[in-house]
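What follows is chain A paired twice: with chain B in the first complex and chain C in the second.
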Partner chain A sequence: MVGAACAHYAARAGLSVTVLDRGPVAGGTTGAGEGNLLVSDKEPGPELELALHSSRLWRKLAEELPAAIEYETKGGVVVADDATRLAALRSLAAAQSDAGVDAREVSGGQLRELEPHLADGMPGGVHYPEDAQVHPALAAAHLLRASGAEVRCGEEVTAVLTAADGAVRGVATASGARLLAPYVVNAAGTWSGEIARMAGVRLPVLPRRGFVLVTEPLPRVVRHKVYAADYVADVASGSAALQTSAVVEGTAAGPVLIGASRERVGFDRTLSVEVLRRLAERATALFPVLGGVRVIRAYAGFRPYLPDHLPAIGPDPRVPGLVHACGHEGAGIGLAPATGVLTAAALTGSAPPLDPRPFRPDRFPDPCAAPDRRPR
Partner chain B sequence: MKPRRTTSPARPRPTPRDVVGADPGPAFEITFDGRSVAALPGQSVAAALWAAGILAWRTTRGGGRPRGAFCGIGQCHDCLATVNGIPNRRACLLPARPGDAVTTQEGAGRADLAV
Partner chain C sequence: MPTSPSDPHRDASGEHAVRSGAGVFDLVVIGAGPAGLAGAVAAGELGLRTALVDAAELTGGQFYRGPSPALGARRPEALHHAWSAYADLRERLRHCPAVSHLPGHHVWSVVRDPGHADRWTVHALTGPDGTDRAPVRLAARGLLIAAGAVERHLPFPGWTLPGVVGAGGAQAMLKSGLVLPGRRIVVAGSGPLLLAAATSLTAAGADVPALVEATGYLGYARHPGALAANPGKAAEAVTHGGALLRHRVPLYARSAVTAAHGRQRVEAVTVARLDRRWRPVPGTARRIACDAVAVGHGLIPQLDLVTTLGCAVRPTADGTHAVATDRSLATSVPTVWAAGETRGIGGAAVALAEGELAGLAAGARLRGAAVPPARTARLRRRIARLRSFADAMAAVHAPGPGWPEWLTDDTEVCRCEEVTADRVREAAADLGARDTRTVKLLTRAGMGWCQGRICATAVACLATRYGASDAGPAPDRRPLAAPVPLAALAELPAESGPKTAEPT
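Let's turn to the complex of A and B:
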């Protein structure tokens, strides 16, 4: 999705763009997501600013792209299950409001009006009307088509070509093709660290695994994206250990999606029954009605995780011509448009719409830094 | 479809059951939308419905169009039916049992949960 957005806004800025994907469209990071466009799960700071800007851009894209992308401004509802969590949620919502988020505290009774199937006894929560959803694979495909960029699927980048002065000259692919270009945008999702390595720089993108349970098709049982208040803490955690918190939402096609788990186990795709069990347990605690509904499948994906939970967006000063747009963790679908706009601004040298400095790709110190080989 | 043989033999065409020499035991009754349907031990719900000339027992979620068995081997999920009150049962895989109440499934079959 991030690559599609970069292609879209770069092409719109007048650049000639070729998109290389080693697999099919949305076959990697994007296709394993749920398509969330969230402002609710972000603490005030650069990521929230990126999310708010993206939220506005998504509204415009939804008008331009076909209805098939299933854009829905369903809103988010965060539920606290005890008084302590409610107090923490309330202070987060207050800070988010100051940062421009529409966050409305709701009582336990109002929660039931928003979500009639919610469990009894929830003391309260916060309603975020700006949270939205798209079908990630369809949205990526339609955005890519609308961009007018040349798209080459099944074409894996095997080398980043550089000139004698160290600047990027293009890429080589597994089919033997050499594409020459003054700029290469690294939007390889969870595999972006490899592209950076090919260019001789370190970008510590790590996979953070998550599972999603998919129920049988249902009528509208869950109206919003509903999640437990501890989800925000899990997202912000740096731990490699397994964390699960209930995240429940319906889809246009009928199935309810149940997440969210986070663990750092490399690129291991082995199905974890323990994770699925915990997801089901937490989801049914939030929505007891789901206890009588069947799960028909589960899927796993890898969030592109950077140690400080911020994406890497912008030119890499270590390799002229290399521009990164990756490391958005679980928020890449939502953050894609603003990332595309920032990337296009970097490529054309125009003024960015928001401060890109927090996303500098060279902000991670190299733990085994050798003396710099490159002339500056 | 092949054209029917013009020189048809006098005896009736053998059924698959005749061909394999099956002896499934006595038939029992299930119901479809309240109407009595005969089923044999080991027969799937879809087979029993087909044998009674019933080809559709679900309507689609989007257009409300009729659906019945398509692949017949549990892959396509076209044959979903509500059996004994439980929706989304694959009729082609589910063995019929005496007294089973099969009802036409409207859409997702969970209209009671809609909010």
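Let's turn to the complex of A and C:
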């Protein structure tokens, strides 16, 4: 998705763009996610600004691209299950409001109006009307097609070519082709660290595994994206250990999607019954009506995770011509358009629409691992 | 054979003990068809504590499918051949206290025991269609996967009309419920199952106005060695052929049902000649009136569990995949064996022999049981002979590459998600989906209730035809082998913390 957005905005800026992917379109994290376009789960700061800008760009893209991308402004509802969490949620929402987010506090009674099947006894929550969703794989495929870029799927980059002065000259691929270009954009998602290594620089992108449960198709019993207040803390955590919080949403096609687990276990796709158990437990705690509903599928995906939870966007000062657009963790679909615009600005030397400095790709000290930045 | 509720070993070593977490089976056999039944009996007779698990209430699987006892059928064996081998195994199972038969258990996942690296945990659901919420877990030192097969379907315009049923499904309906899908039934597709289905349907009183086979039966003649080595198979084909002759069933070889017509339900089909690549030959279409169509293109090994376990698979002669094993039927994953259709479509006789061999191999490996070499050698010879015939059949009946030409743009390929052929074409040709997985991702084909068990073959063929570059449809990973209620998942006992997390 991020690569498609970079191609789209770079081509729109008048550049000639070729997109290489070793697999098919949407073959990595894009195809394994729910397609969230969220502002609700972000604390005030650079990522939220990126999300707000993206949110506006997504609205425009939804008008330009076919309806098949399934853009839907369903809105998010964050639910607190006790008074302590509600207080924390309130202060987060207040700070988000100051940053320009439409965050509306709702009482327990109003929660039931928004989500009639929600469990009894929830003291309150916050409604975020701007939260939206797309079908991520279709959105990426259609955006890529609309970009007009030359797309070469199934062509794996094996080397980043550099000139004597260290500047990028292009890439070599597994088929033996050499594509010469003054700029190479690294939008390889969870595998971006490898591309960076080919160019001789370090970018500590790690996979953070998540499972999604998919239920049998249902009439709309879940109207918004609904999640528990502890989700925000889990997203921001740097721990390798398993974290699960309920994220439940209905889809236009009928199935309810249930996330979200986070754990750092490398690229291991093995089914974890424990993760399934926890997701099911938390989802049925939010929506008891789902207890009798059957899960027909479960799948794992890998979020491209950087230690401080911010993506790497922009030119790499260590290798002239190398531009990174990666490390968006679980928010890549939502953050893709603004990332594409920032990338295009970097490539053309035009003024960026927001401050790109927090996303500097060389911000991680080398070689020792960066300490986690824990926002709370 | 349902183990009776008063059966002592079931209560002593079966569900109760397992639910409380106390019992560890030497071997859990998944699937109680011919392979699983033979495997459980062989292992049990060697003294292995064995559980024989199946979703159905009765043993026998799809092949030895018996009528519900409530129907009071007097001679269920009339619809089967080789019934005596099955009856013998049932009898041995009844007298084998080491085997617990656990009917009505829907296995939804098999995983390594998080606490014991040398043990497996088999997760199952019970109750009608697996709807009881209390989950069952079985602990096992070894697994025998005998999960059988599912029918291969190739879509055609009108195939979603009521009255169009699977050929295997029609036979199963007949065997278990003694009901017919219609009165005037066209039998179509490809493979030996068609002969058997047409014979059963006519014997049960249906009119079969056409038996439509996409290949020429002469195909077998190209593998005379295999046929000569299997006189039983040749005799079987002659028996079916004779029965069809007596019932005056017209045979249309090198032909296919290329469309079904009707408003509320099927009223007629179009049958057209096919060329060698299975492309309909222009000008050969004819219309045949009917009120049902039983259509099947052979069977596909059921691989949900083995692929999730990480067992290596191999491509088969008929364009699908089967689990790969060594000559003792061990898969690439230690302490996991496979037998029967899971190893490639071969029929009940090969399943019986392989189940027995796998049960013996598990006994030798897990308990050090002494197995007479002559018995093993005899089974191996029998399996080799039957498999060579099965492979020849598979090659003959593999769908030709031209079948998608009988589709129209608006033919539904995936019926659960109502995905048309044209949308598959768009995903593969225009949107950059280079493999079946991405076609599914972009179209939702195979994402519905059946999880691609019906449409995976067709979607893969179409995707390849329209530019996807894979050599063949790799079997899907389906981490859930059966639908599981959320409450059942939520009620599983908690594991203490993740065991494989990287250091932060």
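One rule holds in what follows: the second predicted complex is superposed on the first by the 367 of 376 C-alpha atoms of A that agree within 3 Å, B and C clash if a C-alpha of one lies under 4 Å from a C-alpha of the other, contacts with A are read in each partner's own complex, and residues count from 1 in each chain.
Basically, a residue touches a chain if its C-beta (ideal position, glycine included) is under 8 Å from a C-beta of that chain, and two chains touch if they have at least 3 such contacts.
Small disclaimer: the values here were computed from a predicted structure and weren't measured.
Participant: Quick check on the superposition: with chain A as the shared anchor, is it clash or fit for chain B versus chain C?
Facilitator: On the superposed model, which is not a single observed complex, chain B and chain C clash.
Participant: State whether A:His117 touches chain B only (first), chain C only (second), both chains, or neither.
Facilitator: Only chain B; A:His117 stays clear of chain C.
Participant: Please work out whether A:Val295 is in contact with chain B alone, chain C alone, both, or neither, and reply first, second, both or neither.
Facilitator: In the superposition, A:Val295 touches chain C alone.
Participant: Does the superposition put A:Thr343 against chain B (first), chain C (second), both, or neither?
Facilitator: neither
Participant: Quick one: classify A:Glu216 as touching chain B (first), chain C (second), both or neither.
Facilitator: both
Participant: Looking at the overlay, what does A:Thr251 touch: chain B (first), chain C (second), both, or neither?
Facilitator: neither
Participant: After the superposition on A, what does A:Thr190 contact: first (chain B), second (chain C), both or neither?
Facilitator: In the superposition, A:Thr190 touches no partner, neither chain B nor chain C.
Participant: Counting touched residues of chain A, say whether chain B or chain C comes out ahead.
Facilitator: C
Participant: Common interface residues of chain A with chain B and chain C?
Facilitator: Comparing the two interfaces on chain A, one with chain B and one with chain C, the shared residues are 216-217, 293-294.
Participant: Quick check on the complex: what are the chain B residues that touch chain A?
Facilitator: Per the stated touch rule, the residues are 61, 88, 107-108, 110-111, 113-115.
Participant: If we count contacts the way the header does, which residues on chain C are in touch with chain A in the complex?
Facilitator: The touching residues are 109, 111, 114, 121, 123, 131, 133, 308, 310, 417, 427, 430-435, 437-438, 441-442, 444, 447-449, 451, 469, 477-480, 483-487, 489-490, 492, 494-495, 497-498, 500-504.
Participant: Quick one: in the complex, what on chain A touches chain C?
Facilitator: Per the touch definition, chain A meets chain C at residues 23-27, 31, 137-138, 141-142, 144-145, 151, 153-154, 213-217, 238-242, 253, 255, 258, 263-266, 268-274, 276-281, 283-284, 290-299, 372.
Participant: Mind pulling up the chain A residues that touch chain B in the complex?
Facilitator: Those residues of chain A that touch chain B are 115-117, 216-221, 223, 254, 289, 293-294.
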